[in-house]
Structures are given as structure tokens and as C-alpha cells.
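Chains: A, B, C, D and E, in written order; residue numbering restarts at 1 for each.
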């Protein structure tokens, strides 16, 4: 996809997004994605050489290989949203081999999915594309509905099936979050011992975070603090939803804030809100990948390109798109992911 | 039993069942049972060679040996339904040796029963027929009645007594299900380390799943999602009740659905409902065995033959029948199982 | 004690008890006690040779040694009923050495008592009489009163002090029973690894089991199901109270039953009710020992002789009498136990 | 302190205490303290040779060394009662070295105090006086006030700092007692493995044990049963409060009793009540040490001498006095302990 | 900063603070900070030589190296107060490397911060300045707000990243405190095994400790008792807030007290209140470092100098100041810490 196409897809927001210069955290403060990101950032960390090797295996794989950016295919919705609802639009994905094939064909850096999916074809594909094993899930088969992340397997089992990395979700803000923090911190420590980089789905979840029709689960201030907790338990990559609102703490009325957070550290501009997320990843020492959200059909491409531009210009490290790619015909899904990757390949688009 | 006899037993449903062609998930999408099923499917999985050997030991044992289909004798009702109620019709089975003898005589692929039963005659029979040790049970001796699966022994103890596989139940949908998922996932991981294949009784259980006199615990959509969770925690074989209704999620009003699940992925035809269960076993990568339900006497044979036809044509891997065989005189029980096996041996009956 | 004396003590019930022929489970179905019981039954089980050796050490010890029958002295009432109330009638037993001496002098197969009691004289007696260490207890010093069995020590510690076997209680039917099942199952697995046979006090306990002045905690159907669960977790010997009523499930209204349980598998005859307990011990594969109950003074002997006749003729393996022996002067206690043993030595008394 | 002085301090109770002959449990039934107590009692127990060595190290240390009697200095009130309230009268004890010095100077058999106190001067004193490390404590800094014993360290850590023995408290009768029994039983098993004798503070604690202004937490029947549970979990030495009332079970209305407990096994005489505690320590196989209670100033000496006479004549093994010694000037505290020890050295005072 | 400047900053309180002689606990009773503090105090403790080496590494580092005093930079507010609120005033600290740089430049003895912060730059700095890894945190992202310290990592992981010591917080007084005591005691035992000294943030926290507008969470009596519990679980250094009120126990009405605590052991003078904290650290055997509290801008320096004078003269071992240094421009923060250190370097200021 050409730069012109990207500009077209951004439409009337093109200028605002492509020309914006971030003044909250000047780009010079960031550890920005680059081909030598691991050398610049991770070499001096406590991560052992096997973790560095696996990080490199992921960063160097696929169409974005060697750029410092990541395009990851995540498919674990079958657990929470039911396999039926997830795969109804393209039933070939009931067979997990096709998920791997999509990631391979799309040139993703890694495929992030469940124990069962990866295990079922482990010996055929673990050496062809990095596996990111999702350790825990919420499932909605329990009635009444509850929200809790539980462990579907062990880090050792992930290593045994050929994982290059592991991932987990914490529902920050929820009643169960402290148990999840402790549980995931232990899993991440074990993963690092086994040479596996760690990816944290830093979600916030609490019904009380919705007020006056606005869902502050994606507020810049709340999500950024989730990121800060995530890097504290040594996540190497942070997955976070794109922020679309701010002032979550002050509106809901909890935690601690400083007025400067809203006057100096953030603005209403989407890139500034995203940069605040990046700043809360130790100024970019942990890569921030934003997620895509549900598929809405025709508008998906424009929407995801916009998100990619925001993420890239904010200092993020890529996008992790699932439903928008696999809830399409296979070839369309591949194209979709290639188009998004093109944003990260576009030299015209730099840090804001 | 001849094909003609099968047709006769199906009665007026014979055509509908035997001629139906499944259009929801065309059979070409399936990993269908076959003599080289392990080579086609499991060789590329993460299962270690000892698991493959035990899987082969089970698939190659008994009258269905080498066909890719399974006939398993399960007898653990004594724990939940009381031994008295289970064995009153044929008290010889209070002695567990007779359970093994029934499985042997019937040419079952394996006998699935309790720690105590198998332990009591382990050295005499473990090398004659594969033992499938049921790890957990619900018991109804506690008052007031509760529904929970608890561990009656360890995977190591199962291995020590000569097991060829282990099995466990999860009551998906119930309050205790998350604890059970974690508990069984750990047991299955340990079993695989010890070379033991894993069989999951993927039951759904919640009093709220009954509405307007219909029990949606056997709904196609709900049971299929239980299967999907089961293969995610690496069950090698899924035991599920035959679906007899659909639209459980939408009727009870929970979880996530897509209208396509009911318009495209399933129909009212029993084979299509069962195929939806197979699709949710990674398109057949994990074998689906359906269970028999309680014994009703004279109608049992016709009923079970019908279930066998549905299961086989849907892409399932066999039936697991207990009460209908052991709640009969020994010889009749043997004949009964042979007749069901004949459905799987009948070359006239193929995938729908 | 002569056969004539036994007959006299049975009084007007003598004929009914001594001549009864059991038609519910014909004696030919049983694995009956005999000098080669271990060879007939346990050799083919999963129990390791050290378990067989310890089983033999117990079966071959004391006055009943080599008969296949067991006379065990149990003294752990001090924990639950208070030492004061238990030993007030014969305070010498506050010193645990005297408990061991009573068992030795009485020619018991084993002495079953607490960690503390056995530990205090372990090096002096462990090689003189088999120790059966009771692992868990309920204590009534907590207020308000609760009923729960908790572990007073480990299986390893029992082995270290010279145990020949371990025992534990489960309160089936109670709120805590599932936790106890899991806990005791683990202890029994460990005991078997260490070569220690396992004895389960298969009690049922639930205040709701009492109705209209009848206590169904000793109902034939309920206790028998407790036995079935007990052998499932691999108890080698089942201790159960003598059944004195039936139809517990149907009267209290819970669990599953079959009318045949009450029409064919049991009758009102005490031997038939006891045989139903034996049948639920895998048709006698696990020995059933019935317990004595509280001491009532003069009637104790007639009462216990009657119980011994019922147990022996039903296919049971002996009695385990505590209070009726140690709440008497030492010599009387010895005589009492000898008299009961004589029932098992009496060749005139066979299987019903 | 001369025998005359002891008599004087007993005042008008002298005759009653010094001349009383115990008829409830004649002294011949007891395993009484003596120079060869370990040889008579512990040699035949399951305790390993290292436990015997440490027991001997304690029994042979200090002014009572070699008599079979014990004088132990306990200082852990700082945890529960606050250090401020405990040490206000003599602030030098804020420095734990002075606690050790007091025990050394007083010729105590051992000093019983906290992990922190002993750890802070371990290398200087562990080879000069036996350390008895108190493993658990209740603390009253939590609000609202609760009563629970929690572990402040591990048995291994006690061994590492040079312990000769470990101690723990169980609040029998309380809601948390079952958890504490299990927890302490495990700690004591580990201690014995490491060669450390075990001392149990057998306290009873339940607000419901107070009735009509009388506190039955120190009733002879209730405390004695606590002792019985304590020796069951293999305490080598039982610490118990001096009984000052009886009929706790019957007054509060719980547990099991026999009228003989109150007519034959106890009387109102304080020595008989204390002997009942000794009987419940396996007739003296575990030594009973009674505790002192709070310091009341001038009456302390007479009061403690009386307790020593009761304990010694009842068959107890000594006193464990804390506040009455360290809440005095150092030299007075030393004298105080010497005076109490003199009761045990007085040959004129024998078993009642 | 000159002594004159210190005097000036103390203003009209100068005389009261600099001339005060403590009569509650005369200074001769203290184990006061000195260049040979480790030799005088820790050599005879149970701490192993590796702990002594790491203690020495900390005591000998930075501008206060070799004095026996400590200046530690703590930065973990990002977890509890949000990173945004903590770093808004100086956003460079979103990058943890700058935290280390501040500590290095300021000549701190150690930098105390989170797993994530230290891990991210471990290989670059662990050999340049001692790392004090904070093991647990409270986080305020959960809604509704709760107060609980949970473990963010393991002691082993702290050692692996190059820690010279570990720290943890207990909220004494709160509902969760007993669990935290047990949890931290275990962590500290493990830390000592690995040669890591232990620092306890001995906080008290309970909403009920506030009465009539006064917050007794910083009362001398309550905080001192927290210290006493802290040294009991073998903290090597106690971090405590500066006491600013007294009579917490008596005002709130709980725990145990002695009137002498308020008449003899403490006065209203701030140095005497602080000395009471020191006395409760085993008379100074564990060093007491007081904390700074929030930054209020211009008054910070005078306020912190005052605290340093109080701490030093009371017998404390230093200050641990975070927000007042990092919520300023970098150079100002360095100056600020140098100024405080100058109080400890000032030979004119000695023990009161």
C-alpha cells in the first residue's frame, strides 16, 4: 500500500495525524523502535541471552522483520467469545492449522494463540513461525457470566511445544486483579528463566469504569497506568487497547492523579494519548502494541490504518490484529495485514 | 449386525440419517477417523512418542482395532449414582473384575473406570486391555446434593497401576468450572509427560440451563463450545453427550453468538448438530465420542444404533456406552456392544 | 468360648442368625476371608510387595493369625470424646503403653491408635505387634462443636515410627467430605508407596440423616455406598458401623436408587444388610470390619458376639472393638476380646 | 531459699499443700521427673538420637541441670502485649541480649523467645545456653483485635540460628484451632527430623469459655484435654496454665464427659487438679511445665512458690516464668528465679 | 551544607532540637550508628557472611559511605500513586534509568525501587550502586480502592537481577497484616539465605486509626510496636515514618499498654518519640531510617533537615527520601539529597 493510499484512507484526518508533533513527551525522550532496538534496550536488562535470542527471532521474522516493528496475529477469541461466534464468518479457522497458515502467509512476526491450537500442529510449524502461547483466558461458558483470567497451561508446557514467547492477560481494576498480578508475575519469571519473552495483555476491566455512556476502560490515564504495572512485572511487550478518552481516574473518582497529567502529559490528540501509553512503558523500553477491536466490515481498513499511524507516530511498536483479519476470506485477511504492515514500512511516517 | 438390520432399526428415520449430506461443514474439511488417523493428525502435534504409542494401543485394540473408531466401556456410575442403583440390575458388577471381563469379551478398545476398580485387578488385566483411569468424580452421598468433580487419585498413581490413558470430567458452565479447568489442565499436562493420552468428559452442568422444560445442557451450541475448551486444554479425545437441541446461548441469554452459528453452521438435522460438535474438536483433530445415556430397556438398541450412525456420519470417532451394556445380562451386554461396533464396521455407512 | 456359649448368648435369635442363608448375594459371589485371602485377592492388585508383606504381617498376627479374620484394638476416643471421658473407667489407659499391652495380651492382629500414643513407645513395641496409625481425627474441644477430620501427622511420620498400616476417617455425607476424600486419597496413595496398607473408617455423618427419631447414618444403603467410595480410593480394609436400618436414601430423599436395591439386594435380616456392605467392598476384595459402638456394660458381650456372628456370616473380616474392651478392667478386657475372637475361630459358623 | 522459707511463704496453706497425698492418680502410676527421665521415657519413643541429645542438653543445663526438672525463661510478650507494655518496668530488655543474660545468670535450663531476639545474638550465645525458639505468635497490633497464632519463621531457620528446641502455641477451643493443630503438627514433625525437641503452649482460648464471671480457659478438665491433644501431636514438653477451677465442659456445656472425671479423677485440691493435667500428658511421659501469669509485685514470690510446690508435687516438671522475673530489676529477677528453682531442689518436697 | 545553614533552617526550633538530651532511653543504652556498626552488631547475629558483605556494600557506598549512616533513594510511588502522578513534575523519571542516575549522582547508599525498574537496566548499573529491590506493593488501580501489599516478584529473581538487598512493606494493623507478616517473614528468610539484607517498610494502616482529626498511623507507640514486630521477623533495617503524635493505643483503645510507656519511655519531644522507635529496633541493633513524606515544595528542605536532625540525634541510621528529590529538576534533587546527607556528616550533631 502506497503512502498516498494511506493518506487517502486517513481522509480529512490525514494532516492532523501525519503532521502532528508531540510536545508532551518529545520524541527524543523515547526508546523508539529501530532495527537495533534489542541492542539498545534489552542488552543491558536482566533478560538472559536466550530471551534475547527469542526476542530477536520475533523481531526479525516476517514482513516487518528487522524494522523494530511488530505485526502479530492473535487468535484466542474462540475461548471467550465462543469458537462459533469467532469463526462463523470463516469456518476454516475451526481448524487451527489455518490460523498458523494465515500468520505465515501474512508475514506476521508471530502467531499468538492457545495451547490447544499450537499444540495440535507444533512439530509442523514451530520452526516456521514464532509461537506466542497465550497462557490464560477468560471463558464465558460459565453462567452467570464472570470475568476472570485463569491459567490454561504452564509455561513449561508452552516451552515444550516450541513457544518463542508467552502471553497473558491481567484485568487491571477488577476484583481479581491482585491474584492475577501475582500469578502472571510468577509465570513471567518462569518464562524468562526458560528464555521466553513475555507479552502482557494489559487490559482494564471493571463495570464501574463506565460512566454517562463513556467506557473509561480505554481511557489514556487508566490504560497507561496498567502499562506501568505491566512493565513492573517485567513484560517485554505490552498489548494495550488504543486510548480514545482521558481523565478516567478523575471522572470515576479513584486512585491518585496530578493535574499536570492532563495539562502537560496528555492532550486530546490521539497520538498524544497513545504516547502517554508509550511513556508508561518505561519511555518505550517495552514495546507497545495496540490492538484492533472487533471487525466492522468495510471501515476496518481505514480504521486500522489510522490506528497504525497513531501507534507508529506515538512511538509504539506495532499492531496486533485478529478479528479484522481472520473474519475475512483468507486472501483478504492476508491483504489486510499486509496493508497495515505497509504503514510501518512507510519511511514517510515517522515519530511525532 | 448387518447393514440391513441397521436400516431396520433406524426405521422411518433411515433415509434421513443414512442419505443426509452435510452442508454446514463439508466433509472435506474434516480430519476424519481412518486407519492412519494418528499418522495424519497426531504425529505433527506436541504429543510425545509415548503418548502416540498409547494412543495406538487404544486405537488398535478390540473389534474396532485399526479402523480409526473407538468403542469404550465406561463404568463409573457407581460413584455418582451409587453402586446399588448402578449394579442392581446385574449385581455381578459389584465385583470390578467382571467390568473388565465385559470390556474384554465385548472387544472394546478400552475400559474406562475408577482407580479402585482397575487397581484391584491391575496385575491381571493391564496387559490384556487398555485401562482408561477416570481421575475425578462427582459423588451424591453429600447432603445437600452438590455438583463438583473432585480428584480421586493422581496421574502418577494411574500410570503405576498400568493405565494406557486417563480421563476427567469438567462441568462447564457451573460455578466450579474454572477451578476444574485449571485442575484438569494440570493433570492432562502431567499425563502427557507420562505418555498417557487424555480423554475429557466435556459436560455442561448448570441448573439455569433448563428453560421451559428444555434442558440446554445438551444443546449443540453449548456442548460444542465445551468441546472447544476441552481441546484447548489438550484433550486427545472428547466425550460429549449427543446434542438434541440448539440455540442454548440465545435462549438462556449469555455468552457470545453470531447469527451465522444457527443459520449456516448448524441445522436441525441431528447429524449437522453432531458435526458442529466435531468441528469444535478442531475439525476432528481430537476424536469425538458420544455417550449413551441411561438404559431404557427394549428401545436401547435402536436408540444406540441411531446414535452410532449419527456420530459416525457426523465425523465422530465412536460411542462410549456403559449402562446400556452392563445393566443387562453379561452375554446380552456383549452382544449389545458388538451390534453398536458393527455400525462402525459397516462400510456402507460413511461420512455425511 | 464354645460354640454352645455363642448360641446361648445369641438367645432366641440364635436360629435366625446361625441358620440364615443369604439369597441377595449368594456366598459364591464373594471373595470370602480365608487363609489365602492375600494370595487370592491382593496378589493381582496394584499393591506393591511391601504392602503385601505388611498386610500379611497383620493378617498373620495374634489369635486370629492365619485365618483371614481380623481382631483390631482401636483406641483413639481420647481425641474426640476427651481422654477423661474415655479412660475414666480404667485410668491406667491414660498411659498409652497399657493400650499396647492390652492389644498384645488380647492377641489382636493390630493396635490402632494415635501418633502420640504409638510414638511414645515406638521402639519398644513396633516389632511386637503391628501398629495401625490413625492419621486424622475430629476433636470436640473447639466450641461451638464442629465435625471435621483433620490430619494430626503425615504418612511419612507414621512409617518412621514403625507403622504396619495407616488409617483415616472420612465423614461421608457431610459438608467437608469432598475435601476429606481428596486429602485421604492422597494419604493412601503415599501410604501404598511406603508399603503401608490402608484402613478407612467409612463413616457417614450429617445431622440431616436423622429423621423421625431414626438415625440413617447407619442405614445399610448409605453405609454401603460409603464403602464403595472407600474402596474406590483404594482402602485395603473398610471399617464400618453395623447397619441397623435401611432405605436411608429414599427416606431422607437424596442420591440415586433403584427399587431393586431394597427388594433384591437387601432384606430386613441383619446378615443381609451386612452382606450388602460386603458387596459394596468389591464383593469382599477389601475386608469389612464392623465396629462396636459404646460400652453398655453387662449386655456388651452378647451384643458383640451377635455382631461378630453377623459380620462373619455376611462375609466380613472381623470386628474392631475399643471401648467395650478398654473400659473394663484389664483382664476382663482381654477375656472380652478373646471371646469375640472365638466366634471367628468357631468352625461351626460359616458364610450365610 | 530454705525449706523453712518455702513453708513460710505458703503460709496457712503449707500443710494442705505439703502434706497432701494424691488419691486420684496414685503417684506410682506416673512417669515422674528424675535424673534418668530421658532414659526411662524417651529412649523407647520414636524420637531420634539428636532429639535425645538436645533434650539432654536442656535437662542438664543450669541450676536444675540433672534433676529432671526445668526452669525456663520465656520472653515473647513483646509480640502480643507490645514491647512497650512488656519492658516498661525494665527497659534494658528492649535489647534482647539482656534477656539471654538474665537466663544465663538465673541458671535457667533454656531461654524461650522469638526469632528476632535469638537471631540478633545467635553466634554469641547459642553455645552458652539452650535456645528455645518460639515459632508462632499472636499480635494485637491488628484492629479490631483478633486471636490467632501465626508463624513468624520456619523450623529450618530456628535450627540455623542454633536452636536446641522449638515451641509453638495452639489456641485450643477457638475457631482457628484446627488450622493451628495441623500447622503445628507439621512444624513439630519437621523439628523432630532436625533433632529439635518440641514444646507446646497448650492454651485454650474462647470468649465463650467465660461464664458467670469465671474463666474456664484454666479449668482442669479443659486444659487437661488440651494437654492430651498436645502430646498426640508429639509435644515433648507441655506448657499449661495452672488450673484454678474445674467442670469447664459441663458448665459451658460441650464436648464429652464422664461423671467419674469429677468424682474420681479430680478433686478441688489444687495438686489433684494439676495431677489431672499431668495424667493427660501420658501419665507424665511428656513433662508438664506450668506458667506464671502476670506480675503483681510483692505477692509474686509467694504466689510462684505455691505454684512450684503444686506443680512439683503433682508430678510436673517445672515452671516457666517470664514477666515475674524480667519485670523486676535484673538482680531481683535472678534471685526470684533462683528462689523458685530452690523449690525443685528441695529434697523435702516430693510427689503427693 | 554548613552546620550554620542547618541551624538556620531549623529556625526557632534549633535549640530545642540540637541541645535536647534524651532521658527516656539514655544514649549509652543504644547500639548507635558508627563506622564499625556491622562489626559491633551484626557479626554476632545469625546473618551469614554474604549478608554481612552486602550490608557492608550498602553501608560503605556513596557520600555517607563508612559513617554508619544511610541515605537511600526510594522510587516506587509509580505503582501505588500512579506513574503519572508521581512523575508529572519531572517526566524524565518515566524512564527508570534516570532514577538510577539520580541515586548515583546524589551519592546515595542504595537505590530502592521496583523489579521492573531495576531489571530494565540491571547489567549496566548493578555493579555501580547497590540495588534494593522492593518485593511487594499496593496498587490503586483496583476499584473500589483496597489496601494490600502483594508480591510483584520473587527473592530469587531479585538476586538474579543483581540485588544487594530486598525490601517489603507490611501494613500492620490492617485486616491483611497477618498474611503479610507470614509472607514477608518467608521472603526475608529466603533473602538471608541468598545473602541479601532485608529492609522492612513498617507501616501501620487502618482507617480506624484516625480519630478526631488525628491520624495515629504515625503515633510513636503504634509505629514503635510495628518496628518491634519487624525486627522479630529479622528485618536488618527498619523504615518507619517520623512519629508526630503519641498515645495511639490508648486513644483508639486497643492492644496492651503500660502507663510508664507514656510517662517514662516517651515525652512530647520529637527526638524522644523517635528514640522510642529506635528502642523498639532492639535498641538500635536494626538501623532505623525515617521516610520523608510528600513533597510540598519550598518548605521541603527545612522540613527534611529537621527530620534528619531528629533521626540522627534519636539514634536513627538515616533518611530515605523519594518524592522530595525526584519531584524536582535533576540537579536540584541531587543538591537536596546532598544537603540532607550533610546533616549526617556534620560532626557537630551527635546523639541526644
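In the analysis below, contacts are C-beta pairs under 8 Å (C-beta built on N, C-alpha and C of every residue); 3 or more make two chains touch, one makes a residue touch a chain.
Because the structure is a prediction, the values reported are computed rather than measured.
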| item | value |
| --- | --- |
| Shortest chain-hopping distance from subunit A out to subunit E | 1 |
| Subunit E and subunit D - chains in contact with each | none |
| Chain-contact steps, minimal, separating subunit D from subunit A | 2 |
| Interface sides of subunit C and subunit D: same vs different residues, half threshold | different |
| Relative orientation of copies subunit B and subunit C, as a Cα rotation angle in degrees, nearest 5 | 70 |
| Centroid distance [mean C-alpha coordinates] between subunit E and subunit B, Å | 62 |
| Computed distance of Cα centres, subunit B from subunit A, in Å | 38 |
| Sites on subunit B at which at least two other chains make contact | none |
| Touch-based graph of the chains, sorted into line, ring, star, complete or other | ring |
| Chain order, ring traversed from subunit C with subunit D following | C, D, E, A, B |
| Complex contacts: residues of subunit E adjacent to subunit D | 25, 29, 31, 41, 43-47, 172-175, 177-178, 181-182, 185-186, 189, 204, 206, 208-209, 221-222, 224-226, 228-229, 231-234, 249, 252, 254-258, 260-261, 264-265, 276, 279-280, 282-283, 285 |
| Interfacial residue positions of subunit A with respect to subunit B in the complex | 78-85, 88-89, 91-92, 94-96, 114-124, 137, 139-146, 148, 150-154, 157, 160-162 |
